[in-house]
Amino acid sequence: MTNNPFPLPKDELLAAYRTMRTIRDFEERLHVEFAKGDIPGFVHLYAGEEACAAGIMSHLTDVDRIASTHRGHGHCIAKGVDVHAMMAEIYGKATGACRGKGGSMHIADLSKGMMGANGILGAGAPLICGAALAAKFRGDGGVGITFFGDGASNQGTVLESMNLAAIWNLPVIFVVENNGYAESTSVDYATAVDSYVDRASGFGLPGVTVDGTDFFAVYEAAGEIIKRAREGGGPALLECKMIRFFGHFEGDAQAYKAKGENDYNRTNRDCLKIFAGRVTSAGVVSAAEIALIDREVAALIDEAVGQAKGAPLPSARDLLTDVYVAY
Amino acid sequence: MARKISMKQAINEALDLEMRRDPTVIVLGEDIVGGAGAPGEIDAWGGVLGVTKGLHAKHGNRLMDTPLSESAYIGAAIGAAACGMRPVAELMFLDFMGVCFDQILNQAAKFKYMFGGKAKTPVVIRAMVGAGFRAAAQHSQMLTPLFTHVPGLKVVCPSDAYDAKGLLIQAIRDDDPVIFCEHKALYGSECDVPEESYAIPFAEANVVREGKDVTIVSYGLTVHRALEAAETLAKTGVQAEIIDLRTLSPIDWDTVIESVETTGRLVVVDEANPRCSIAGDVAAHVAQNAFGALKAAPQMVTAPHTPVPFSPVLEDLYIPSADAIVAAANKTTARALAA
Amino acid sequence: MNERIKPIVMPKWGLSMAEGKVTGWLKSAGAKIAVGDEIVEVETDKIAGVVEAGDTGTLRRVLGAPDTVYPVKALIGVIAADDVPDEEIDAYVAEYAAHAAEAGDEEEAGPRYEFVDTPAGRLRYARRSQTGGGDGARAIILVHGFGGDLDNWLFNIDTLAEAGTVYALDLPGHGQSDKAVKDASLKGLSEALIGFMDALDITSAHLVGHSMGGAVVAQTALDQPGRVSSITLISSAGLGEEINRDYTDGFVAAASRRDLKPVLEHLFHDPATVTRQLVDDLLKYKRLDGVDAALKALSSALFPGGRQSAVLAEALKAAPTPVLVIWGESDQVIPAAHAAALGDRARVDVIGEAGHMVQMEKAGRVNELVLNHITA
Amino acid sequence: MTPKVGIIANPISARDIRRVVASANGVQIADRANIVLRALAALAACGVAEVVMMPERGGIGGHVLRGIERARGQSAARFPRLNFLDMKITGTVEDTRCAARMMALAGDVAVIIVLGGDGTHRAVAGDCGTVPIAGISTGTNNAFPEHREPTITGLAAGLAAMGLVPPAVAFAANKTIEVSIDGGAPEIALVDVAIVTDRFVGARALWRTETFRELYVAFADPEVIGMAAIAGLVEPVTRREAGGLALILAPAATAAMRVRAPIAPGLVEMVGIQSWARMPAGTVFTPALSAGAIALDGERELFFDPHQDVAVRLVDRAFHTVDVAAVMQFAARQGLLLDRPLEGARP
């Protein structure tokens, strides 16, 4: 169909879907594998929140930098980090993205502009100010995006960074991924004024709230905000209202959620379903094309898990390397 | 060529030279220019004690005043370092680490390792350390041991202007995060410093005085106290060898061990509080690795296990004195036993 | 002042020397003294050396106490003939002290290091000429060796000024000259020397070179014979292939005091000469930006693989310039055997109990030989 | 039965993309709470004793209660009694609809004061039945609520609620536009319905003029901001006169006629116009565009595909609002707020 009413050409629509599907399958698979006991440590899953990562990262290139959260797999995949290296890292293997030294919470690939998932909530905000400052000094047009949750939005680092970004007019976008829960604590309890846009206003930053389950809502708003920042318009805040399909971490019984909440959200607020429904009903993408991506992604994740399981473990020697560039 | 300048000037010169050499070097901190946005003069302060004065005129907006917001700007310096810049961030007083420690402890120090070696964070965090300014408990601490404890960080503490310049230049060129500790009581101290750029390698202790009877290991201000003590000791026939560690992480164990193997006696002088201090670290290392060479138990001369007091009479008691060093040295020699 | 009484003073070895320590007397009071006799050992924070007699007579007073520090020019001994009465000597000593107090800061106005811009960069040099006495028209240029600087001539520059105006320069990459070495070959260094002479309007000069500096002055004599009145080659490179790689490579590689000290000990007959301060000063030099690159460039151009790349002996034999060769017998850097490389084409002196830095260790003898050679 | 006044203050409105693409602003939570306090003080001055308010979790209610508490500590009875509706809070527009329904069903709510933008007013208007609305604008892009000091709106609402002003004077009828897809339950717009080529809701706000195709307005006021301004600059139609206006739009580059219209705060854009016509009440209009999105009062809310039928219809006298200007004029003429404490002593 030549008449594409969406703000992305068809190939980019397909790419966005592939990104979201890859994140979803990656996370769903981790949920299963974690339960088997093969995966060490803490794992925080991004399933349900894919539209946010994909909608924002569709506007970025490797020159743009992101600082992620503890729930970073989605950001990594959308920013182009290799899925095989990620999976191997989560399994603690020598072939992992961080050679098995970081794990799920610290996957990074600076060559892709991914400055790391981060186990310290709110820590990415100052870092991304630095990334944006570097971009400004270099004049390379890069922007910095820092992701944080509704919980971490109460960290001083985030608020200090908004001030810093504002006074230095840094190309920084503060993205609040508001899934309603800071671990198990409701946003209504933990946040004095449930308006992150108001907080941004306090620093003179424009803020926008969008439905984070709607790829196009995120895509459009992020597009305008990123363009503005790239052109020197300064920092802004984007709040994405999202759904977390799983618990805070794997093993979380989610007793704090309402009865039926997950089922309702899976049925009615699944960003992949919403996206696929839109593009197919508009006739731009066929159901067969969607199905093909689904199959390809499933195979990719199978392969990644298989490779990760078979990959070598780090050796004792690796314990002592990579602490310093030179010491 | 060399001329006498103060440690303050030496630091200023190091920043100037490195900013000239490398366009990715930027300097940020509170009041490092001074007067930003105010109706009066720009470069009104040049840092709270004037260390960066005049650099703004030479390098313009590569020096940036920051809001009083240590988490944000120390973090920004670290983020910029991870993105190819070589920022020098001034924390003013190292005591302020409390409000930005996460960015140092969990971010800068960890990136290289946590990301499997695929990151480097060439940031320098300059900060004043040490007592003697009647600045009381929150502006006078020698917090070096807190940083040497953290793998991934390098910790430097020069004792004179020559070392300050060469070590700061090395710190800026170094690819790892460096905590650069400047003893405020030494800012005015002068010595011969070449005009040219030079870098002093890390983990290269300086033997500032040679002696055969007792090894005194120190860094920063107390190196000078140790030198005073050595003069006193010399009058009684005890020749003290004084080692200025210069860098605390990495640390030059070889020089310390070699010296102790000659003298058989060790006194470690540290302005930090005693528990888990540099003094304790050095004493333990020597005991473990050169036990056979020791003729007496190693002695530690440190600040007491108290906060830094305000009243001058108390603060003077707080800082390790030359007399205390002499007493400790005598304790390691038979002379003390005979007395 | 009584002209029959001659003072022995704390010497000033180099601009930075302000004081020195008497470490021991080699002659005791009442001993007969001849010119050039080693009288007293003095140590500065940089170097240990010996004060040689400039006069004949009897050592009438030993004033400098061992292990005591005296300022430069302080009276530490008195030489006079036996028939000078003790009262006169005591009066002299008293007067000397009073005079020294008056002289005060005068010395501060003494010669400073100077700098000159040349095609090879900005070069530092020291200049000495004696007002009255010496022959100001004669130019003498002292050229240090690999990794050295003009202070290598600490014990020579003042004495040699008796024969003319002495210049000691820092070659490119050395001392306080520009650290960039544009051409690290012998030709390049020789051109730098000619550039130095041009910049100071020195049409011709007696060239004295030590080690690598010897090869440089030899090259200059070959390329510009009209501008070179004579050459003196001290422990010189360019006379054979052998060179101690432990020294050349070790000097380039050493980054710490611990590494550098044993390397420097190769330079002297008496390894104790290598003081902590000497090592520190060289380390300070080696740390300067550009020095490492300069030394590596020179080392790989001149001593690749532990062999000297340029041997000029045959060419020198055919050249007209007068040549003096001086060597320390126990040289551990370049073998003293090379002293014979020019056969009877040159005057040769191999000095005992001296190493590669023979001009420092046996300064009196070297100065005497050079003065004779230049004024011949 | 003493009449009550209802207050619906929406904490979640006004965070749309126009803050970025233009320089729109919004009223912050704390300021919204202050607006409520000002309105409450005005209501108390009119004799309103009890107010019911929609609960929310954005912080307005808490701030208001703290304000009342502080006032109570300082002096007495500046504010009426305040109660919150007993309802489940979802944090979505459904809260607004629910509160409007409950206030309508209660029977003793005489007027509902609404804080919000066009979207909030639309949600209330759809569910408040016959209870009149007194609107206070807090949104970005508002054409419907008047911009006025909330104390005055509070006074007018209070006077009207207490029956001190005849309903014929106090309350004005308003038009709406209904949109239904495939004959389903209609959605309403208070000001305008725009048909755009986007086939997704996205960031909701309208700011890319090249996507504009059709526009239906209940009133066309050249003094207001937003899509209605396009119509207002072509042919003004007041809120009170019958019928609206329907316009066929076109890309500005190729249009026969263009209007420079303030389509959002700080955003004055060239919009191409192909034709326009009066839109009588009750007549069904069918968009010519076969598929796209439908924006209600400036926000994309619905989308339709080629196989779907879209019907657009103007409704006269759909709901009522407090006519603040008329009430205050009446109050002045009748001396409703005059007081003569020394009257008895007059000669």
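First chain written, first letter: the chains are A, B, C and D, and each begins at residue 1.
FYI, a contact is a pair of C-beta atoms (placed from the backbone, for glycine too) under 8 Å apart; a residue touches a chain by one contact, two chains touch by 3 or more.
These numbers were taken from a predicted model, which means no experiment stands behind them.
S.K.: By that same contact rule, can you tell me which chains touch subunit A and subunit D alike?
M.R.: none
S.K.: By C-alpha centroids, what is the most central chain here?
M.R.: B
S.K.: Taking each chain's centre as the mean of its Cα atoms, which chain lies farthest from subunit B?
M.R.: Computed centres place D farthest from subunit B.
S.K.: Using mean CA coordinates as chain centres, what's the gap between subunit A and subunit B in Å?
M.R.: So the centre of subunit A lies 40 Å away from the centre of subunit B.
S.K.: Find the geometric centre of each of subunit B and subunit D from their Cα atoms only, then give the gap between the two centres in Å, rounded to an integer.
M.R.: The separation of the two C-alpha centroids amounts to 65 Å.
S.K.: Report, in whole Å, the distance between the mean C-alpha point of subunit C and the mean C-alpha point of subunit D.
M.R.: 97
S.K.: Drawing the touching chains as a network, do you get a line, a ring, a star, a complete graph or other?
M.R.: line
S.K.: If two chains touch, include that pair; go through all of them.
M.R.: Those chain pairs which touch are A-B, A-D, B-C.
S.K.: Given the complex with subunit A, which residues does subunit D contribute to the contact?
M.R.: Listed in rising order, the residues of subunit D that touch subunit A are 11-12, 15-17, 19-21, 25-26, 28-30, 57-59, 91, 197-204, 291-292, 303, 305-306.
S.K.: Of all residues in subunit C, which touch subunit B in the complex?
M.R.: Against subunit B, the touching part of subunit C is residues 113, 124, 176, 179, 255-258, 276, 284, 287-289.
S.K.: Under the stated contact criterion, what part of subunit B meets subunit C in this complex?
M.R.: 1, 21, 162, 166, 194, 196-201, 204, 206-207, 210, 254-255, 258
S.K.: Across the complex, what residues on subunit A touch subunit D?
M.R.: For subunit A paired with subunit D, touching residues are 5-7, 188, 192-195, 197-198, 201-202, 206-211, 214, 216-217, 219-221, 224-225, 228, 236, 239, 278, 281-283.
S.K.: Going by the contact rule set out above, which residues of subunit B touch subunit A in the complex?
M.R.: 24, 26, 62, 64, 66-67, 69, 71-85, 87, 102-103, 106-107, 110-120, 151-152, 154, 174-176, 203, 250
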